[in-house]
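Got a structure for you, written out below as structure tokens; questions coming shortly.
Every chain is named by a letter (A, B, C and D) in the order it is written, and numbering of its residues begins at 1.
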Amino acid sequence: MKKTILAATAAAAATFAISTAQAGPTFDAVKAKGFVQCGVNAGLAGFSNPDSAGAWSGLDVDFCRAVAAAVFGDATKVKYTPLSAQQRFPAIQSGEVDILSRNTTWSLTRDTALGLNFAPTTYYDGQGFMAPKKLGVKSAKELNGATVCVQSGTTTELNLADYFRANNMTFKPVVIEALDEVSAAYFAGRCDVYTSDASQLAGIRAAVASNPTDHVLLPEIISKEPLAPAVRHGDDQWFDVVKWAVYATITAEENGITSKNIDEHLQSKNPEIQRFLGVTPGMGKALGLDEKWAYNIVKQVGNYGEIFDRNVGPTTALKLDRGLNALWTKGGLQYAPPVR
Amino acid sequence: MAQTRLSLNDPVTRGLFYQALVIGGVVAVGWYLIHNTLTNLESRSIATGYSFLEREASFAIGETLIDYSPADSYGRALLVGLLNTLKVSAIGIALATVLGVVVGIARLSKNFLVARLASAYVEVVRNIPPLLQLFFWYALITEGMPAVRQALEPLPGVFLTQRGLWMPVPLADPAWKAMGVAFIAACFALWGVKRWAAARQARTGQPFPLFAAGAGLLAGVPFVVWLAYGAPTAMSVPELRGFNFVGGVNLSPEFFAILVGLTVYTSAFIAEVVRSGILAVNWGQTEASRALGLNNAQALRLVVLPQALRVIIPPVTSQYLNLTKNTSLALAIGYPDLVSIANTVINQTGQAIEGVAIIMGVYLSISLAISLFMNWYNKKIALVER
Amino acid sequence: MQTAARRLPEGNEIIRCIGVNKWYGEFHVLRNIDLNVARGERIVICGPSGSGKSTLIRCINRLEEHQKGHIVVDGIELTGNLKNIELVRRDVGMVFQHFNLFPHLTVLENCTLAPIWVRRQPKAEAEATAMKFLERVQIANQAKKYPGQLSGGQQQRVAIARSLCMNPKIMLFDEPTSALDPEMVKEVLDVMIGLADSGMTMLVVTHEMGFAKSVADRVIFMDRGEIVEQNTPQEFFTNPQSERTRLFLSQILSH
Amino acid sequence: MTAAASHIPAPAEKPPVASVGFIGWMRENLFSSWSNALLTVLIVWLLFKTIPPLVGWLFINAYGFDTSSRVCIADRSGACWAFVGEKFRFILYGTFPYDEHWRPLTTVLIFVGLLAASCSRRFWRPWFAGVWIVGLLAVGVLMWGGVFGLSRVENALWGGLPLTIMLSVVGLAVAFPLSVLLALGRRSNMPAIKAICVGYIELIRGVPLVSLLFMSSVMFPLFLPEGFTVDKLLRAQVAFILFAAAYQAEAIRGGLQAIPKGQYEAADALGLSYWQKMGKIILPQALTISIPPLVNTFIAFFKDTSLVIIIGLFDLLGTAKAALTDPNWRGFFLEAYLFIGLIYWFFCYSMSKYSQWLERSLHRGHAR
């Protein structure tokens, strides 16, 4: 049925349609307008958060800046669109934003049915539970019959149901769309526990709880939540740029290159570093970028470790360990393909 | 004016020309939008169609009228949402009508205090956005009531907490079903008695105490059935076990907030409708009834109400429709109505067009059904009028 | 007591008003009204607008409440007692300036409503009575119609029939013709004259001086809440006693 | 016959004491019957029970604007107006740059001024549309900036009261011409045009506003050609315009229906064309009659702007809720809701009073 309508309109369309099917429409459009439009979370401590002057910071935000640094040589050429969970997919699908960097879990359906391409995972997360300390709960296995606050339209909502089903427990969901509302409901005592990505729980505990030490994260991590930036189907070149902007930060960390010492590394004899920093040209051209693309990312935004530590690391309010997000060489999962 | 052949000065030709122009415009715009949408969907490889309705929903819903588990389909999840919408609408309409009629009559009261209080109520309630009122009621419970462990117990077995209200309910027993059947039977019987009473009054002139008989019938028959089933009194009393109260029946804060919020908001509008409906009936009608010797109740029932209802019912119906549409605000406080479930479905499947189409389709059907009824009703009373 | 044109049995008063006073707020609308009405007597009350004439007859079936004095109708005194008020109202018919027919009921239903619900008559009997009176006001052929379909004059005749269906002892008329177009006044007055001929006790507030002359036993002139003058129509029109009556009559009769 | 020679008018007497003055008023209005007296006593008792604690909470035990949140949280027996004192600029203006708050403030004043002036019948003239255009342009310049030395402010930062007023006023203004066409179309005798207009109006009126906002938020982007995007605020504004057009069209249709047939016939008799007839004869009268229902539509509309919180815009309600999430100021929802409730109430109540007054005065005009 739908197909026939499609065919009929497509046939008629030939006379009317504006042809848009060239290679790399997004990349071209980004270059033409001179900035990257980046879809971010409207407010999530450590990942994307505006300060009172409206300046954005956070891990997700930094990867947008990395892309801008790669494309324009200037990490500030980003404009941010704060998006709710509901708005994020239409926004990227419709072209309202060029990248969706909004603590979004990479999953099969999102890759396919939503028409998205996910760049490398920027944060390996998992779903956890937060409960008030005074409730005395030590494990998620003790949560039978609990009331659980969860944000609607997220993978967490699905994992939650799966987890309780798998463990033969019941629960009463309180499902609210806005993040603010969910956490407000939890802290007001509407729910016994709050479930979300562990990193997000840490962020909320740090930023929203009136006394963060009153709340504990339960040890169970019930799901895999690889959070990754996404672009829409239809522009592979742009996908490559975003992908390699992320890899560049990891490559830099693997090679010990930081924003502080990068200029020293320009003299490095290591051929991979020479290729990476554009001392030996070729890589930038292959991506359709300036040869200094990786240099600009690291110089202006930092390597992966710097980004992590600055936004969510142990010295921040979120106090997250590297864990899975350590380099592969240090027992983590962060691994970049070779630059060659 | 010179008449030229087939010119735009000919009203028929001109009419056709304009209509063709407008239809052409509408079709062109519509086609343009559909074309864009289809191209966009295809170029971004977004899934289309309604096949997702049969896929497993995998998310849980807090309040359901029918059996539902995350293993059920998206379609069933949406049905749960629709039933929740209808539940709030039906109860809300009933309560708003009662409250609205009381306040509307109170505004006309001879008692100064009553009239002033009622008009203050109306002026405050209808001039504040309903969404704000919903948030207010929701916050009042979740922030203002005690935690589960410190639950208030205003009556034995009734608990008031920030997670809502728990009340004892009778344990399942065949008697309840039988009583329901008995009640329906009593309704039919009452209808028969009413006809008989009317016939008798026409014949002998003797009125029948229908109100008392009706009350007795509606309460008495189920009561007798209850006795016949051995008068079961076992109750399921809520008790604190684990995290929450178990047993009894729970009114969640979300349900409470949407119900109270919409009832209060709509009642103010109904009150105004009722007031103007009563005022629309000329005072002379009451005087004439009195002069004929009808007592107060008779004048109200036989003369004033039949006329006032004609003025009242159409706008009240549209208030009912508004209330039903406003249940969509449930989304903001997390009550799982149709819109909020559809919203979740959209988020999980990414199929926004289908999701919004379902919402609109359902509401349009409800509106259409009500307007068809209204047209029928208006025709019916118009016939009586002239 | 003035001498009436018709001899009436003495002491057979159906309405007695003794020192009736009424105020609207501070406004003294009825001042010390003393009025006795004999059975079968026909009284026309006239006077400038705001003189209290409508208020007076509305007090007689307690549509208005008086604050001082006594009103006794057919042996029942009107007080706050609801039972008494209802008893009186059954026996006192009233016709209003604006007809006040019930628009949602047919002409016939208008007439049978009160007999069925107040007098508890069987429907068939009530309808027979109603048809009789509708016949009498010459509107029986419209019985199935709704009031909105009738002319003003027809509506007023239905209103009279409606009152008569209750078989009243007294009929009150509150300016029954003043809301009518001139060509309809006569049809209503004819009905009223017929009613007068049948011996009904009538109190009529009207400016129809022709009606007063031909029908009334007594004409009462009210001004500023009091009865200024009462007399036979003959005397009243030819030889008014008071200056105010004279002034009023000159205004009424000049056009 | 014992006729008096001349009647001496009886003097007006004072009514019985119990029926006038304060006692009379009480008897009439509070104790006219037993049931009434009982009701009065009950209400007085209820008021006695509720008013003193309310006043206590609102004023006597309340903390002033400059108390610290710590003090407020420790003692919850009274309202904490410090919350409002701390947050009112955020609630009123949202995330608009703090130093530039005079700009949204001026915007609000311009809007209020325009609305107030529009209430006066003196200004119901075509040239006043020009004043509106100038006013709206001024608002645009103030909010966006970027010219006349004003710094540029992205509309993602707009919020609070200006946003609420803007969504409703701009929605109403833009929808107005559209709604006139729809109303005329609905009364047109061309079946196709009538069907389209009826279909549109009933479709919009049959669905909840939330679903239209959803559409603007999640579907609208798909309607547009690739690479052509419209920002969130504008999309919401479009949804409001579509919504307002349908409801206003119904208000205007009521006005059109109230114009007597004779007016149409007179216009036809003068040989006027359809647009001349409508533009010069019918619409000026119909719109005047329609103004009270239009104002009522506007009030409903003003309240409905609060729904944009659902699609993540920060109108007055949105900023108040955002202010409530500050961990230092948690739990002062009563104060926050009271504050914005009062603002909403002020606008809606004054408009509804105006509409009622206007209706009466127009009615008088007609009766004369």
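Rule of thumb we're sticking to: a residue touches a chain if its C-beta (ideal position, glycine included) is under 8 Å from a C-beta of that chain, and two chains touch if they have at least 3 such contacts.
Note that the coordinates shown come from a computational prediction; the quantities given were computed from them, not determined experimentally.
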Report summary line: Ranking B-C and A-B by C-beta pairs in contact puts on top A-B
Query - Chain whose Cα centroid lies at the greatest distance from that of chain A - result: C
Query raised in the report: Between chain B and chain C, what is the gap in Å from one C-alpha centre to the other?
Result: 50
Query raised in the report: chain A to chain B: how many Å between their CA centres?
Result: 43
Query raised in the report: Which integer distance in Å separates the CA centroid of chain A from that of chain D?
Result: 42
Report task. Please report how many Å separate the Cα centroid of chain B from that of chain D, as a whole number. Result -> 25
Report summary line: chain B touches at least 2 other chains through residues 39-40, 43, 143, 331-332, 343, 346, 352
Requested in this report: Indicate the residues of chain A shared as contacts by at least two other chains.
Outcome: 20, 86, 90, 93-94, 177-178, 181, 188
Query raised in the report: Could you say which residues in chain C touch two or more other chains, in rising order?
Result: none
Requested in this report: Please list, in label order, each pair of chains that touches.
Outcome: A-B, A-D, B-C, B-D, C-D
Report summary line: Within the complex, chain B is touched by chain C residues 61, 63, 82, 86, 89-90, 92-94, 96, 98, 100-104, 113-114, 116-126, 146, 148-149, 159, 162-163, 166
Query raised in the report: Which residues of chain A touch chain B in the complex?
Result: 2, 5-6, 9-10, 12-13, 16-17, 20-21, 85-86, 89-90, 93-94, 109-110, 112-115, 135, 143-147, 152-154, 157-158, 160-162, 164-165, 171-178, 181, 185, 188-190, 192, 232-234
**Report entry** Residue numbers on chain B that touch chain A, as the complex places them
**Finding:** 31-32, 34-35, 38-40, 42-49, 58-62, 69-71, 142-143, 147-148, 162-163, 241-244, 246, 253-254, 331-334, 336, 340, 343-344, 346-352
Requested in this report: Can you check the complex and tell me which residues of chain B touch chain C?
Outcome: 201-207, 282, 284-285, 287-295, 298, 302-303, 306-307, 310, 384-386
Report summary line: In the complex, chain D touches chain B at residues 28-30, 32, 36, 39-40, 43-44, 189-193, 196, 202-203, 205-211, 214-215, 218-219, 222-226, 299, 303-307, 309-310, 317, 321, 331, 333-334, 337, 340-341, 344-345, 348-349, 352
